[in-house]
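After this come two complexes, each holding subunit A, first together with subunit B and then together with subunit C.
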Partner chain A sequence: MKLNKQTTVLDDLTAFSKHKNEPDWMLQLRMQALSKIEALPLPNIERVQFDRWPLLEAEQAFQAMSADDLEGVSFQIDEKSEQAAVIQFGQHTVIEKLPESYRQQGVIFTDIFTALKDYPDLVKEAYMQLAVQPDEDCLTAFHAAFMNSGVFLYVPKDVHLTEPLEAHFFQNSRIKEPFVKHVLIYADTNSSFSYVEKFETLFHEPNTANCIIEVVAKPGAEVKFSAVDQLGENTTAYFNRRGHLMHHAHVDWALGVMNNGNVIADFDADLVEEGAHSEIKAIAISMGRQIQAIDTRVTNIGRHSIGHILQHGVVREQATLTFNGIGHILKGASGADAQQESRVLMLSDKARGDVNPILLIDEHDVTAGHAASAGRVDPEEMYYLMSRGISKEEAERLVIRGFLGSVIKAVPLKGVREELIETIERKLIE
Partner chain B sequence: MSEVPQLEDYKFGFHDDVESLYTTGKGISEDIIKEISAYKKEPQWMLDYRLKAYQHFEQRPMPEWGANLSEINFDEITYYRQSSGKPERSWDEVPEKIKETFERIGIPEAERKYLAGAGAQYESEVVYHNMKKEYEKLGIVFMDTDTALKDYPELFKEHFGTVVPPTDNKLAALNAAVWSGGTFIYVPKNVKVEVPLQMYFRINDEAMGQFERTLIIVDEGASVNYVEGCTAPTFSSSSLHAATVEIIVKKDAYCRYTTIQNWSDNVYNLVTKRATVAAGGTMEWVDGNLGAKTTMKYPSVYLNGRGARGTMLSVAMAGEGQNQDTGAKMIHNAPNTSSSIISKSIAKDGGEVNYRGQVTFSKKATGSMSHIECDTIIMDEKSKSDTIPFNEIHNGSVSLEHEAKVSKISEEQLYYLMSRGLTEQEATEMIVMGFVEPFSKELPMEYAVELNRLIAYEMEGSVG
Partner chain C sequence: MSVLEIKGLHVSVEGKEILKGVDLVLKTGEVHAVMGPNGTGKSTLSAAVMGHPSYTVTQGEILLDGENVLEMEVDERARAGLFLAVQYPSEIAGITNAEFMRAAINARRDDEDKMPVMQFIRKLDEKLALLDMPEEMAERYLNEGFSGGEKKRNEILQLMMIEPTFAILDEIDSGLDIDALQVVAKGVNAMRGEGFGAMIITHYQRLLNYIVPDVVHIMMGGKIALTGGPELAQRLEKEGYKGISEELGLQIEAAEG
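Presenting the complex of A and B:
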C-alpha cells in the first residue's frame, strides 16, 4: 500500500469521519486499524496466490461525492411493493425504503453513516466487535480504516418479518474509487427474517473491492441470508461474510459467487454457543481467465452446534476455482456436527479446479465428514441427451443447470432461486 | 476396567549392551561426514554428494507445518555407529548379542518360514543380509545399500538421488549427508518375486540417529514385494529416524512396499518415501504407523507414464503423547493414470493423528482418476485429529472422488455387540479391528496376526 503519504491519508480519514459526523469511537477504530495495516499479514487462503493482487489500493477512498456520479444512471424500485429496500451506487445511497409497519416494530434498515449518527450505541455493540475483528489481517484492517459505504440492519427482539429485506449495491467504476462496503446485520433475540443482497459493477475502471458482511445472531434468532455477487471483470475483490451465532441461533446462507474478476472470499459461521446452527450453500462459476477462491469455514464452539457446507462450482475456459471447505470443531463442542460437500465440474481441459475439504477436530464426541469431487461432465449423460436430438452446447447447459440446480433448489427464497438461475443462464451464454 | 498399559509394556522396549566397533560420537559437522565416508571407503562422488547435501541441510529451516519438531537437538544425536564387522549371510556369524535381539523379535524364524530373503540393520549398519539361492539365480539383487555402492557402482549411480533429491526437504538433506545402511533391490526384466523380501530395522542405543537409504529398481515387467519393520528400546532421550526411500517402477512393473512401523515412543520418525512409475506400472504402499513419538511421513507416487497406477493403504494409531502426522501424495503426470488412497486413523489417550494429502492432476493427465477415503475414530475426549487433503486439478478430463469421516466409536454398534454377550472391551476391540480390516487383509498373514495383536494391546485399557 502506498502509505508514503501516511499523514495525508490520516488527514483525509479524519476529514471524512468528521464530514460524516461519525462518533469518536469510530474514528479511533479507523485510526487504530490504519496504523496496523502494514504490519499485518494477508489472510491465509490455502493454495491461492494473491499476494500480488491490488487489494490494498487506498487512494481516493474518501474523495468527495459528486452529483456528477449519478449522471446517466437511474435506479427504480416498485413503489407499490411492501418490500424494504436500500439501493446504493458507489458511496451514494440512492433509495431507502422501509414499510411503515416495519418502522413501527423498531426495524432499522439504513445507510451505515445514518445508523452511526442515529443509533451509535447499537452499531458499536456489533460493528467489527463480534464477528470480524479489525486486526485479523491486513485486509480486515484496510476495511476498518477505509470503509466508505454500507448499510445497517437491525431487527428487534421477537420481531418476525415475512417479506425479505433487500439491498442492492452498485459499484461505481466510472471513476477510480475503492469499493469498501460494510453490511452489519444485527438480529436480536428470537427475531426472524430474510435478507437478500446483490453486488454489481457499473462501468469499467479497474478498481478494488473490500466487502465485509457481518451477521450477529442473538439467541434464538433465525436469519435467511441470500447473496448474488456479480462484480465486474475489472474489479479485484475480497469478500468476507461471517456469522456470529449465539444460543440456538440459526443462519442459512445461500451464496451465488458469479463475479467476473478475480476474487478471494471467506464465508464463515462461528457457532459460538450451544445449539447454534448454520447451513452454508454456495454456487460459483469461474470463466475466462478469472480466479475465484472461496474459503468456507464452519467453527463449532458451542455444544451440539451444527454446521453444514454444500458447494457446487463450474469452471470454464482457462479459469480457476478453488473451494476450501473447513470444518473446525473446538475442544468442548461435544455433540457437534460438521459436514461438508464440495463438488467442482470442469468444462475445459485448460480449466483449474481445487477442492480441499479440511477437517480440524479437537473433540471426540462429534460427527464430522466431508465429500468432495472434481471432474468433467459425465459423458454418458451427454450422450443420452444428444441421442435425444439436443445439441452438444445445449446438452452441456442442461447438465450444468442440473449440477448447480441441486444446490439452488435448497435456497429458501423463490426470488433468489430465480435470480440465480437467470444469472447462470446469462453466464453460460457469454 | 483394565489397567492403562505402562511404557515398559512395549514389547520391544528392551535394550542390549552391545559394544560399538566404531562411532563418530555425538553431533554433526563436515568432518564427521568426511569421517563416515572415509570409514566406508566410498568413492569421491559420494563424499561430494554428502557434503553438498549437508550444506543444504544447514541452510534449510525446520519445517513449520505438521508436527512439533522443536525438541529435536541435532547436536545430541549420534549419527553413525557400527556394531558388527560386515553384513553376514548366516545368523551364526552375527555377533551373539545382536543375534539375540533379532531372535527376540522373531526375524530368523520368519525368514525360514515365509520370506524369500531377509536383512537386518542394527544402528547404522546392516548386520545380516541373505536371500534364498533360488531367487539369487533369477538375477535379483537384494543387499544393503553400502555394499551395492561398491558392487554395482553404475546401476547405483544412475538411480541414486533421482527420485528424492537432497534439496527436497531438510530431513532428506540430512539423510543424503549421513546415510548409512538400508536396502538395495534390483529385479531384472520380467522376473517376478511373489514371496516377500524383508528388512528389519533396529535402533538399540539412546539418542541414536538412523538414516538408512533404500533404493529399489523394478525393471520392465518385473515385480517385487518388500516388507519392512522397525523397533527401538524405550529411553527418555529421543532418537531420530530419518530414512529416505526411492523406488523406480519401470514399464509394466509392479512394486508393493509394506511398512509396519512400531518404533518406541521416544523416536522421531521423519521419513521421505517416493516412487516414480512408468507406463503400465503399479506402485502400492501399505503403511502402518503404530509406534514412534512423532511421525511425519507422506509416501508419494509420481505417475509418469500412461496407465500407471498408485495406491496407498494406511493405518495410523496415536496413543498418549504420540503424534502421527501421515498421509499420501499422488501426482498424476500422464494420461489414463489412476490412484487410490485409503487412510484409517485412530486417536486415543490424548494422541493426535492427522492426515495430510495431495492429489494433483497435471495438464497431461487426461482421462485419469483418483479415489480418496479418510476415516478417523477419536476414542476419547483427550484425543484429536485433523484431515487436510489438497486436491489440485489442472485438466478437465479427470475424475476425483473424496470422502472422509470423523467420529467416535458408534454407540449403536457397541450396544449391539454387548447385547450379544461381549464385554465393552471386546466389543470396542472388535469394532476397531473391523475399522482397520481393509488394511490388515492386505498384509501377509503373519503380519496381519502381529498387527491385530499390536492393536489389541494398544486398545487395552482404552475403555473406561
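Presenting the complex of A and C:
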C-alpha cells in the first residue's frame, strides 16, 4: 500500500525518536517498520472493501506538540477518587494519577514515552513482540513506525487491584494529525485487575486513527478489559486489540464499538498456552452512512484453552455493520473450546448487516460451535410495543436496548455496563 | 362518558374479507362480551380496532368519542385510550416488564409529568399482589419464557397499570386453568367502573361466570348476528352456536382467523 507522506519522513521520525529520548531499539523498530509499509498488504477482513480508505496518512504524524493545542479544552478528574487514571489529548498527556498504594506495589500506569525512558526493558519485552508484530500487514507496520502517543500499564506479580484503572483518549482533530495510539498492558504472573479505556474525538478535522492495544497476560493473570470507542465521524480508524494469553491466564473483554466514522477493527485473543481463557463481548451501533467492520478472532493454541465470542450489533439508516467471528483451533490444542455468537439487527431497509461465522479446526477432541443471525426488527414486536402507547421511535430504542442488553448484562463491571447503556441512549437520541 | 363506535366495519386480511359489516357501540361503564364460533372474525375485530398492520379496513368507521380512530397510528390509538390484551403477546428479550410498563405509562404523560419511580413501584406491587404474581415477574424480560398463563396475567397486569378507557380482551381465557381464570377475572372486575369499558372476546361462556357482561353479542359470518343480555350467553352454553344459527337461518362458515 502506498504511504501518503512527506519526503522528509525518515528525518522526522528520527528527530521525534531522539526528542522523546527513545531507546535505540525503538528507533530501529520504527525504521524497520517504515521500510516495510509499502511492501506489505492490508489486513484481510472478510467481505469488507476498505482499500480506498485513508488509513496510511503519515502527513504531520510527528509535528511538534504545541501548547496551543490545549487551548479551549479542559479535562478533569475527581480529585478525591482513588482511581488510577490517565487522560491524553492528541499527543499530550494531560492527567496522570496513580494512587500511592498502587505505586508502592510496583504498578506502572503512565505515558508510553515516559515508560520507554524509565522502564525500557519492561516495555521492550512486550511492545509489539508477543501480541502484535510490526510486519503483519501495512497497518501494523504503519503503527510501529508512526506511533505518536500511548500508555503503558504494568501490574507486577501477585498484585491484585480492586478498583479499575482508567484511560481516556481524546483525539485532537482541531488539527491535521494522525492519531497513532499504542496501549501496552503487561499483566505479570498471577496479577489481577480491571482496566477501562475510552476513545473520543474532539473537533472535526478529517483524520486517520491507528490504535493498537496489546494485552500480555502472564501465567495465571486475570484481566478484565473494557472499552468504549466513540471516535468522530471524520475519523477513519483502524483498531487492533489483541491479547496474548499464557498458562491459565484469563482475559475478559467488553467492547463498545460506538464510533461515528468508518472503522475496521480486529479483536483477537491468542490462547498460546494451556488453560488460557478469553471471553470477548462486543456491542456495536452503525448509523448514518458509516461502515464498521469487526473481525473478532480467538485462536486456541494451548491445550484446554477456551475462547468465547458474543457480539451483537445494530445498524440504522444506510449504515453497514459486519461481524466476522473466527474460531481457530490449532493442531495440538486438544480439549480446546471455541464458541461464538454474532447477531446483527437491521432497523431500516437500507441498513446493511453482515455476519460471518468462521470455524477453522485442526485438532480432534475439541468443542466448537457458532450461532449467527442478521435480521430486521420483527414487525410484530414493534406492533406490540406501540399498542401500549409507545411511539415508534421509543419502541425502536427499547428493542435496540434489549438486543444489545443481552450482551451488556454479561459484562462483569457495573460501571462499564452503565457507561455502555448511557452511550447507547445518547447515540440513539442523536 | 366515552363511547367507542364501530360502524359498518369491513376488514380484509391478505385480500380476503373477514368482517362484513360490524356495528357495535361500547360505552364506559359497560362490559360487552363478543362470542362466536372459531373463524368468525372476533380476533379480526380486535386487531382492526387496534390497528394491526396486516388488517385492512375496506369500509366503515371506528370512532372514539367522535374521533376517527382509523386515521390514528397504533400508538396514537393506545394513547387515545384503547387497549388490546392479545392472545399471543410478543416475547422481547432485554426489556424488563417493569421498564416496558413504565415506558407505556410515561408515553401518555408530558415530559414534566412523568410518573415518579416510587409511585410506579407502589402501584406495580399492588397490582402484582392482586393478580397473585410474584414480584420477580416485573424484573423478567417482557414475556420471555413466560408460560401461557403467565402471559395472560401479564396482559392483565399491563391493563391495570396503564388504565385505558376501553380494553378489548381477545380470548384472554384460552388455555387458562380455573384458578388463573379467576385471577384474570378479578383483575378485570377491579377495573370496572364509570371510566372504563371492556369488550371481552371469548369462545366459551365459562369466563362470563366470573366477569358478568352487561351486553352479549354473537358474531357469525363476519357480522354481529345477535345481541342480548347475559342470559344470551347462558342460552348459548345450552344450545351451542349451531342451535342459534339455525334459528337465525345462518350458515356457520368454516373460515379461519
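We adopt the following convention: the second predicted complex is superposed on the first by the 423 of 430 C-alpha atoms of A that agree within 3 Å, B and C clash if a C-alpha of one lies under 4 Å from a C-alpha of the other, contacts with A are read in each partner's own complex, and residues count from 1 in each chain.
Everything below uses one rule, namely that a contact is a pair of C-beta atoms (placed from the backbone, for glycine too) under 8 Å apart; a residue touches a chain by one contact, two chains touch by 3 or more.
The structure displayed is predicted, hence computed values, not measured ones.
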Touching partner for A:372 - first (subunit B), second (subunit C), both, neither: first
First, second, both or neither for A:356, with subunit B first and subunit C second: first
Residue contacts on subunit A - larger count, subunit B or subunit C: B
Partner chain in contact with A:380 - subunit B first, subunit C second, else both or neither: second
Which of subunit B and subunit C A:405 touches, first, second, both or neither: second
First, second, both or neither for A:256, with subunit B first and subunit C second: neither
Subunit A positions touched by subunit B in one structure and by subunit C in the second: none
Subunit A-facing residues of subunit B, complex: 347, 363, 366, 376, 378-381, 383-408
Subunit C residues touching subunit A - in the complex, by the definition given at the top: 50-53, 73-75, 77-79, 83-84, 86, 89-90, 92-95, 99-101, 103-104, 107-108, 141-142, 158, 162
Interface residues, subunit A side, partner subunit B - complex: 46-47, 315, 331, 334, 344, 346-376
Subunit C-touching residues of subunit A, taken from the complex the two chains share: 378-381, 383-392, 394-395, 398-399, 401-406, 409
